[in-house]
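Two complexes are shown next, each including chain A; its partner changes from chain B in the first to chain C in the second.
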Partner chain A sequence: MDQAELILLFAKIWGGVGALVALAFLSFGIDRLDEDAKGAYVFRPLIVPGILLIWPLVLWRWYILADGKDEWAKRYKPKRNSHNLFALIMPVLIIGIIAAGLSVRQTWPVNLAPVQLTEPGQ
Partner chain B sequence: MSVKYTPVQWNLNKWVYDAVMLVGVVAFLWLFLFVSPELLSHEFPINPQVHNARAFGACAFVMLTVILCIGPLARIDERFLPLLYNRRHFGVMTTFVAITHASYILNWYFAFSKSDKFSALLFANTSYTQLAGFPFEAFGIFALICLAVLAATSHDFWMKFLTPPVWKRLHSLIYFAYAAVVAHVSLGILQDQQNHVFTVIFIGGALAVAGLHAYAAWLDWRGGDEVGAESNGWIEICSPEDIKNGFAKIKLLPNGERVAVFNQEGKLSAISNACAHQNGPLGEGRVIDCLVTCPWHGFQYDVTNGRSPAPFTETVPTYNLRLTDGVIQVDPKANPPGTFVEPVPIPGWQEVPA
Partner chain C sequence: MSNDDKPFFVGYLDVPGPLRRFLLLACVAVIGIFVATGFLIGSTQDEPPASGFRFDYGRQTVTGVIELTPYPLLRVTQGNDLIKPGKTLMLTGQGKFGVDARAMGLEGQLAEVSGIILQRGTIDMMQLAGGRRGLKMIEGDAPAMETEPLGRWKVAGEICDGKCLNGAMRPGRGLAHKACAALCLVGDVPPVFVSTQLIEGSDFMLITGPDGTRLPKAAYDYIGQFITAEGDLERRGDMLIFKIDTDTLEVTDE
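Right, the complex of A and B next:
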């Protein structure tokens, strides 16, 4: 098995576990955690792709909420400083990446007519 | 503002927003596919798969660029706030355009070997140690995974379930996704681009995103909310005259929370500055009939108890406050969300005519 197949196997296992988490969470977990979800079923298929992708985060929040460990004060404390940090790092990255891309750009003669190297079937 | 979750909470504004966005996408694709195909180096005969892949890729890049410009523009000038209102729909559509681009690539360049096309995508180029010829596809895969996570967690359920700060952190992936897209284009199509109209669009768009974010962060750093001075365990905000009727003064508390103190017809009330929905800045909203409206998405709260009007159920914390020697002071210990606090009257208050 090569590395590419290993990566794809990992992706399949990740998605498979996510599907099991989605089944359990949407069947009985969500109703116990969120008042707004009780009796609301049409929106649930929209939640499935998210659970498939971030199921460890879903399990963590499920545990925190079910165990009564959720701290309400944290909901109202946005992380503005880290947002500003990202906003400053990204411009530097963008300029660096474009400069790197332009520096390795090669030029070659354009409008060259195609040349048939071998006869068809050879 | 939901009582029970629905798949999409449509309203007229969202219909108009989505319609304009859809017309824009169709116009862009039509222009790049049929009117000016040379913009994507299509002067020579080219198969439809590559033609479509380039057009959808260019469209996804432009859409992502516009999305990333909206945030800082709304912070720099509030006239751009309406664009922020339905940005999540914009993001979801961008993800679908990007997936279409990836599908055309996969089903052309990697579809005709004996290997599985997904395996072929991963092993076709492994020159990770050199810049020229670097496997730029890896950046595209990373960006697509990020966009998929953002689109898949865009429903309001996720904000309430994960909490707004965690949701916001997760959605900070957009910055890394954009940097990856810039790398994907710089080390990919830019290496082969002969018509430089798209080169100009690409570099101009990326630099606009970079410049706007840097400028908005600098403005925030320069004119950010001040930390209130402490006085016997209470935090000083300002003099009552400093708050116009219907508006608020925002202060940073020593514990990192932000409080918004409102003047509602000569009576003072204090609530958390962070909206329960996406932590939008409530203190930048205006109070009308006791209700402040979040400038980001229109959620409303009664400033005396931090509750959304029925039948909505959102709540924010409130703060006790007092007037001492003509200075408004706030107890830094927040009350649980939805707790009523008797408004403090400003002695001798008279509305100053505009």
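Right, the complex of A and C next:
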């Protein structure tokens, strides 16, 4: 199995689990968590792609909300101190990725000349 | 609010005085960084030679003999002012698609082709018009076409798709180039080998598998990478055909 097949297999498994989560969450989970969603069905297919991508977060939030552990007020109090750190890390990381990508590139092997190994008919 | 004097930006109100200079500097800095980054990344790419669709030539129509290598070629027998008899044209369809299905069954037959020329230096190709306007068999006896064997060669360079190399795109380097070329080759656009140095007067060759088969799947992993490879070389008209031996494929260390 090469790298491309591994990546494809991972995407299939991730998407497959995401589809199961979406089915369960949109069928009955969302009704228990959000009373405004009860009886509203048209919007549900619209959030399927999002659930396919971030289904672990959906499961986590589902667990937190269903268990009554949600401290909703904290969501409106972002940890601003850590923002500075991430604001620095992100550009450094982006520059690092670009630099690493450029440094591992091959160079055009201009000095490798074509060689005739055998004459025609040999 | 702990500090009532601290300026606060509200988009639909006038900008507070102390923030104006900061916003102005931030705008200039962001624009400058984008321009500089674009310039720096662009400067790492090779200068693309003049190439592309030659719409200025207008649609070209020529007659010749279809050969399937298995990628379809036209050995021109009756040309025009631009495309002379004796020339060998690679043929492609629109988008990232070849014309294998349309040329099937026409091998060795006289055909009239019509389309737009793509050109890059000495390499060129015709993108056929749709349907029978682009490719149709015509009456007449097709002359026999010669193939000149040139022996076995070891060459260095890269596998690319003939259409992008000709200027449909401007091939760069790296992952995006590799993905683009792979997509073209999956769509049956003729593959070409771009050589580091001239071989028999040409720096590119149409690639096939051994014994006139399609480009082997084993070669797809090496698309867009700088490699060395061995294979048999032959000349059809003014075009070289390289029958690649995938067992000899190696990525260069340079």
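Going forward, the second predicted complex is superposed on the first by the 86 of 122 C-alpha atoms of A that agree within 3 Å, B and C clash if a C-alpha of one lies under 4 Å from a C-alpha of the other, contacts with A are read in each partner's own complex, and residues count from 1 in each chain.
We take it that a contact is a pair of C-beta atoms (placed from the backbone, for glycine too) under 8 Å apart; a residue touches a chain by one contact, two chains touch by 3 or more.
Computed from a predicted model, the values in this text were never measured in an experiment.
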| item | value |
| --- | --- |
| First (chain B), second (chain C), both or neither touched by A:74 | first |
| Which partner, chain B or chain C, touches more chain A residues | B |
| Partner chain in contact with A:50 - chain B first, chain C second, else both or neither | first |
| Contacts of A:106 with chain B and chain C, given as first, second, both or neither | both |
| Touching partner for A:117 - first (chain B), second (chain C), both, neither | second |
| Touched partner set for A:87, first chain B, second chain C, both or neither | first |
| Touched partner set for A:28, first chain B, second chain C, both or neither | neither |
| Touching both chain C and chain B, counted on chain A across the two superposed complexes | 2, 98, 101-102, 105-106, 110 |
| Residues of chain A defined as touching chain B within the complex | 2-5, 7-8, 33-40, 42-43, 46-47, 49-50, 52-54, 57-58, 61, 65, 70, 72-80, 82-84, 86-91, 93-95, 97-98, 100-106, 110 |
| Complex interface listing, chain C residues touching chain A | 41, 44, 46, 148-157, 173-174, 195-197, 199, 221, 225-226, 228, 230, 251-252, 254 |
| Residue ranges of chain A touching chain C (in the complex, touch as defined) | 2, 98, 101-102, 105-122 |
| Complex interface listing, chain B residues touching chain A | 2-7, 72, 116, 118-120, 122-123, 131-132, 145, 148-149, 151-153, 155, 157-158, 160-166, 168-170, 172, 175, 178-179, 182-183, 185-187, 190-191, 194, 203, 206-207, 209-211, 213-214, 216-217, 220-221, 256-257, 272, 274, 276, 279, 313, 316-317, 334, 336-337 |
